[in-house]
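Following this message is one structure expressed as structure tokens.
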Amino acid sequence: MIKVGIVGGTGYTGVELLRLLLSHSGVEVSVITSRAEAGVQVSTLYPSLRGHLDLAFSVPDVSVLATCDLVFFATPHGVAQNMMPALINRGVRVIDLSADFRIRDADVWANWYGQAHGCPELIGEAVYGLPEVNREAIKSAQLLACPGCYPTATQLGLIPLLENNLVDPGDLIANAASGASGAGRQANVNNLLSEISDSFKAYGSAGHRHLPEIEQGLRDVQPEGADVAQLTFMPHLLPMIRGIHATLYANLQGGGKELSDAALQDLYETRYAQEPFVDVLPWGSHPATRSVRGSNVCRIALCRPQGRDKIVVLSVIDNLTKGASGQAVQNMNIMFGFDESEGLRHVALMP
Amino acid sequence: MIKVGIVGGTGYTGVELLRLLLSHSGVEVSVITSRAEAGVQVSTLYPSLRGHLDLAFSVPDVSVLATCDLVFFATPHGVAQNMMPALINRGVRVIDLSADFRIRDADVWANWYGQAHGCPELIGEAVYGLPEVNREAIKSAQLLACPGCYPTATQLGLIPLLENNLVDPGDLIANAASGASGAGRQANVNNLLSEISDSFKAYGSAGHRHLPEIEQGLRDVQPEGADVAQLTFMPHLLPMIRGIHATLYANLQGGGKELSDAALQDLYETRYAQEPFVDVLPWGSHPATRSVRGSNVCRIALCRPQGRDKIVVLSVIDNLTKGASGQAVQNMNIMFGFDESEGLRHVALMP
Amino acid sequence: MIKVGIVGGTGYTGVELLRLLLSHSGVEVSVITSRAEAGVQVSTLYPSLRGHLDLAFSVPDVSVLATCDLVFFATPHGVAQNMMPALINRGVRVIDLSADFRIRDADVWANWYGQAHGCPELIGEAVYGLPEVNREAIKSAQLLACPGCYPTATQLGLIPLLENNLVDPGDLIANAASGASGAGRQANVNNLLSEISDSFKAYGSAGHRHLPEIEQGLRDVQPEGADVAQLTFMPHLLPMIRGIHATLYANLQGGGKELSDAALQDLYETRYAQEPFVDVLPWGSHPATRSVRGSNVCRIALCRPQGRDKIVVLSVIDNLTKGASGQAVQNMNIMFGFDESEGLRHVALMP
Amino acid sequence: MIKVGIVGGTGYTGVELLRLLLSHSGVEVSVITSRAEAGVQVSTLYPSLRGHLDLAFSVPDVSVLATCDLVFFATPHGVAQNMMPALINRGVRVIDLSADFRIRDADVWANWYGQAHGCPELIGEAVYGLPEVNREAIKSAQLLACPGCYPTATQLGLIPLLENNLVDPGDLIANAASGASGAGRQANVNNLLSEISDSFKAYGSAGHRHLPEIEQGLRDVQPEGADVAQLTFMPHLLPMIRGIHATLYANLQGGGKELSDAALQDLYETRYAQEPFVDVLPWGSHPATRSVRGSNVCRIALCRPQGRDKIVVLSVIDNLTKGASGQAVQNMNIMFGFDESEGLRHVALMP
């Protein structure tokens, strides 16, 4: 039984983390912080937790957090980096769900997030927590940077092609769409039901903060000598709560053009055969976001429209689960030697 | 480990039953029937189950079903009553999620369902599966009739008042609203997204089939000599998938008028103190259907607007869980001596 | 051609007012104010107006507004009352869509709105703008108080019964539900799509500000000597944008009990026969809010479940149209001698 | 005043056509057919039309239809082609909203629609009704083929680039999403609210019937000698009722690469300067489908992510208006010499 703390538990990734941890046999949640809600029972803010959790929010206190085996940060960017040295120095292991330690180049981070990085010295310590790529490094990580939602769906969809240099890395497209919970639980006119229900639009076309994270991840898996991966990333906002759907386009190149549909399908099935949370659907399937609602699974399908040289990969996740808190728990399981699926065996809620 | 079968597994109560049973430690689903989908993997129809279940639909066959310890019927009304004698005679225990055995008077049943009852001789054997009222009888039931969704929300909301004769039983109102999944997975223009999304309306004002079931249940808990309970029941259709919300109105009478808010609150808290799946919120709360999405809990709150003699009870459930498949599993747990919460500990999916 | 100004044009009633006025043949919108958006083109904030309106928001200025024939207030409560004397004194006619002048008793207003009324001396001048009741007085009104959304749906549904004293006025219930646009365009966590989509709940059970307005209106139409009308009002929040649905319950009394369904139906049809914006559906119908989406119509239907003495009235409006801006335009038409339907002939958007 | 008839008025394009025609000053709807609903008042099926239309559905009868100046077909594919010769021979003008006469090659049509074309001899007479390309031909058309919804949004978004050969025509992508009303009003499990609400998925990746229509249209506008346009077309299903959103990707080539953002923007603004129903938003905007809900406008915006050579065009329409019935009315206006905007001046319903 490990003791875990959660910093910033009032947002959607916080309550999702609690939902999952409460079904985990090896974890006790001993502290959850929120300055704004200090003293309030967590289940008052989230009645879904009534009867499952008897814990109140508390003001963040490093000395208390340091008594935990593991601390999750479910905070907006900029928070974790300030508290990180104190926790790392005391030997606490940390899983950061925010963007603070995902990008290895502090200048790139500063450029995209519009502020200097508050803890550049620890960036090098951080392990990027995409288990399907970094499982070994995750096992011994002290500071784990949990991937973003779009980056998870996009990387899992493109990795098999890029690892084998089967597509032109210079012309990748991720046309992605997210449910509104991706924007978090902030008071913002733009996220009112009256503004975004019954409508659909793109956003962030001038540059979304997940772009450098995705390109970094894609480049990491490319073989030596491949042209550098470049992505056109267009996010869209869906009139619904949970779910990421990425429609990924790439141009088959070289030997890739010669591959049969079956060979391409086999490539993906083989790549993910041992992965507990990646499910490759039959060729030509259309995974729906609801098929992963509340589950930690990424479902992927391939097609090659009209048999031309464009391959299209469809990749869906629940942005709060595999795209955030579920992946955090998966990383925790790897770090602490639990069964990788513990606390993550929920069947998606369907319908 | 008991062996269970499911007759009619292609509908929403079927897939919900599977979601719950797959997380139950004491159950093996050994057969699931569907004439239309015979031979098809269940996970092909419901991709949410991929990786969780390796079973194909089969044509219903009494001799196969009879090898089960328990058979669930998740069929439209009229089906269970025809197969029931064969199963009952072979000693199989049965939980019927349909309406076939909920009403004790075969003529009333025939009148509301527009057909003669096909198995009136077994109606008397059936135990009405509302654990909060009938737990003892459920333990030994062979044929269990699982309550409807509206009846569950309405009865749990009104029972404490009626048991104590605190309100005028002749003037009860249930203004209730259901998500669209309550109408099942039938090809019907009236349930298209384009017809019912972004809209709200009443339906069934001429008489909904759940009315006689609810009135029967309310009358069962009234003390001797009380006037007979009569309910005005107005169902409405919500532009969403899951959830029942019942707003219940009653006029306090006699000693009921003298009760303080605290005393009324205490009445409910005491009545349900030992119930694992009824949660009484603080006085004046407004339970949201999302607080029970995917969970087996019924959340109830009370208020007394302007301090007048009208008491209003708000009662919410997930129509597919506590309103159908969750309650069925709860009944199974009672019937077979499992922990009553086994397979039902899911925290509601929120947001 | 009259010149109109709009104070507070950034909210939903503001943009709805513009949508309607732009299709009105006798009106020129000459000024629209917003402190926060001063200088910004209205069509930048609301791209739906691109190509229809070339006007920027300006800081409110009484001397400019005084050049208008008519000024609409589409502001939160508390704003209109402060600017009102200056406009009234200059002879400008005003339609106030806010709650400032709806309630005739300044103390009641102060009690429900939690602040002293800023302009009690003008309350007596205000005409309550429900055309179906007050058409004559509206014609000559200088200061018109436009009814709230719930009050419009509820009053239109109950008036025929109360005018004729056919029901017990002491036991009226309005179980009402509103789309999220009723809460306005405010940055508020409670109105995020992620909070209220795919869910349903009651709110305001401790007392909603529309209650005193409704009770005042109902009492106004009662005959001499009738018991005072008392309403249990329970509002609910729908996971959708537009629409009010009121399910109204009353107990037939005296001669009311003897009326046939046809006679009750005839009562409503006769009462509203000359009303351009009240549509009485056939007995037993279930009006859907989508049938009035974007239109100024109130659709009403009656039923009498199980033939008992409870009559149920279903009443639907679009909260932004007949419940706010459409009714304001209807009042304007009456005040200025336009055809009452001018600018309001839109067919509801369906599907 | 022209007399118009509508064949197949029970679907969504039928009711939308009525909504628009009822606000048109020069049209009288004299007949509307439906075999299934013959004898039923149109306003009984669509209560939104109550008070606006007093007409019943009738069995289709060529001799009656032949008395009309114009007949609209709002039928599934395969119907119009069978009735067409009789109407054309009698000199009636026809606007076909179905796919029957959109594709000039009868074999291509037969291949994609899975049946032989029933009237190949009239295909050559049909004018493709995209006013922004074919206005002159439309004026004198007797048989007009109204474009599909995806084809309208996609062509309007790509035409300026293709006309000027600024992008590689061999690598075009249309990542498009549609509201559920695009699937029509058919009883189909796949379009139930419980199946598609709160979810998102691609569909038709093996080949959507709009692909050949779009490619034909794109090729028509290409200059001599350009490589043939080829499109990867991926449609998706949105959990909402109305709206098409097309995210279009193309690779700038030749002189196209040298164009500044301002020059690209100017290209679009100039191309559509005289078009009443194409609105080019400022560079980098994100048009939302709600900005055109119920209106006939196509809103377009451009961006060039990271300044690379990929240009992205965002194009939104209401699938039932500019994508079907609104465009049909626009074509009617051109054919009969009405103001092109008559009956189409509705401001989008927002919120």
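Order as written gives the chain letters A, B, C and D; numbering starts at 1 within each chain.
Everything below uses one rule, namely that a residue touches a chain if its C-beta (ideal position, glycine included) is under 8 Å from a C-beta of that chain, and two chains touch if they have at least 3 such contacts.
The shown structure was predicted, so the numbers you read here are calculated from the model rather than taken from an experiment.
Visitor: Quick one: which chain's Cα centre is the longest way from subunit D's?
Guide: B
Visitor: Count the C-beta contact pairs for B-C and for B-D, then tell me which is higher.
Guide: Per the contact counts, B-C leads.
Visitor: Need the CA-centroid distance for the pair subunit C / subunit D, whole Å please.
Guide: Each chain reduced to its C-alpha mean, subunit C and subunit D end up 37 Å apart.
Visitor: Could you please state the distance in Å, as a whole number, between where the Cα atoms of subunit B are centred and where those of subunit C are centred?
Guide: A distance of 38 Å separates the two centres.
Visitor: Between subunit B and subunit D, what is the separation of their C-alpha centroids in Å?
Guide: Averaging C-alpha atoms per chain gives centres 46 Å apart.
Visitor: Scan subunit B for residues touching two or more other chains and write them down.
Guide: Answer for subunit B, listing residues that touch two or more other chains: 12, 181, 185, 194-195, 197-198, 239-242, 287-288, 290, 293, 351.
Visitor: Quick check: in the complex, which residue numbers of subunit A touch subunit B?
Guide: 12, 15, 18-19, 22-23, 46-52, 181, 185, 197-198, 241-242, 279, 281, 287-288, 290-295, 297, 299, 320, 345-351
Visitor: Okay, in this complex, where on subunit D does subunit A touch?
Guide: Interface residues on subunit D, with respect to subunit A: 171, 173, 175, 177, 194-195, 197-203, 205-207, 211, 230, 232-234, 236, 238-243, 245, 247, 249, 251, 284, 286-290, 293, 303, 305-306, 308, 310, 312, 314, 316, 351.
Visitor: Tell me, which parts of subunit C touch subunit A in their complex?
Guide: Spelled out, the residues of subunit C in touch with subunit A are 12, 179-181, 183, 185-189, 191-198, 239-241.
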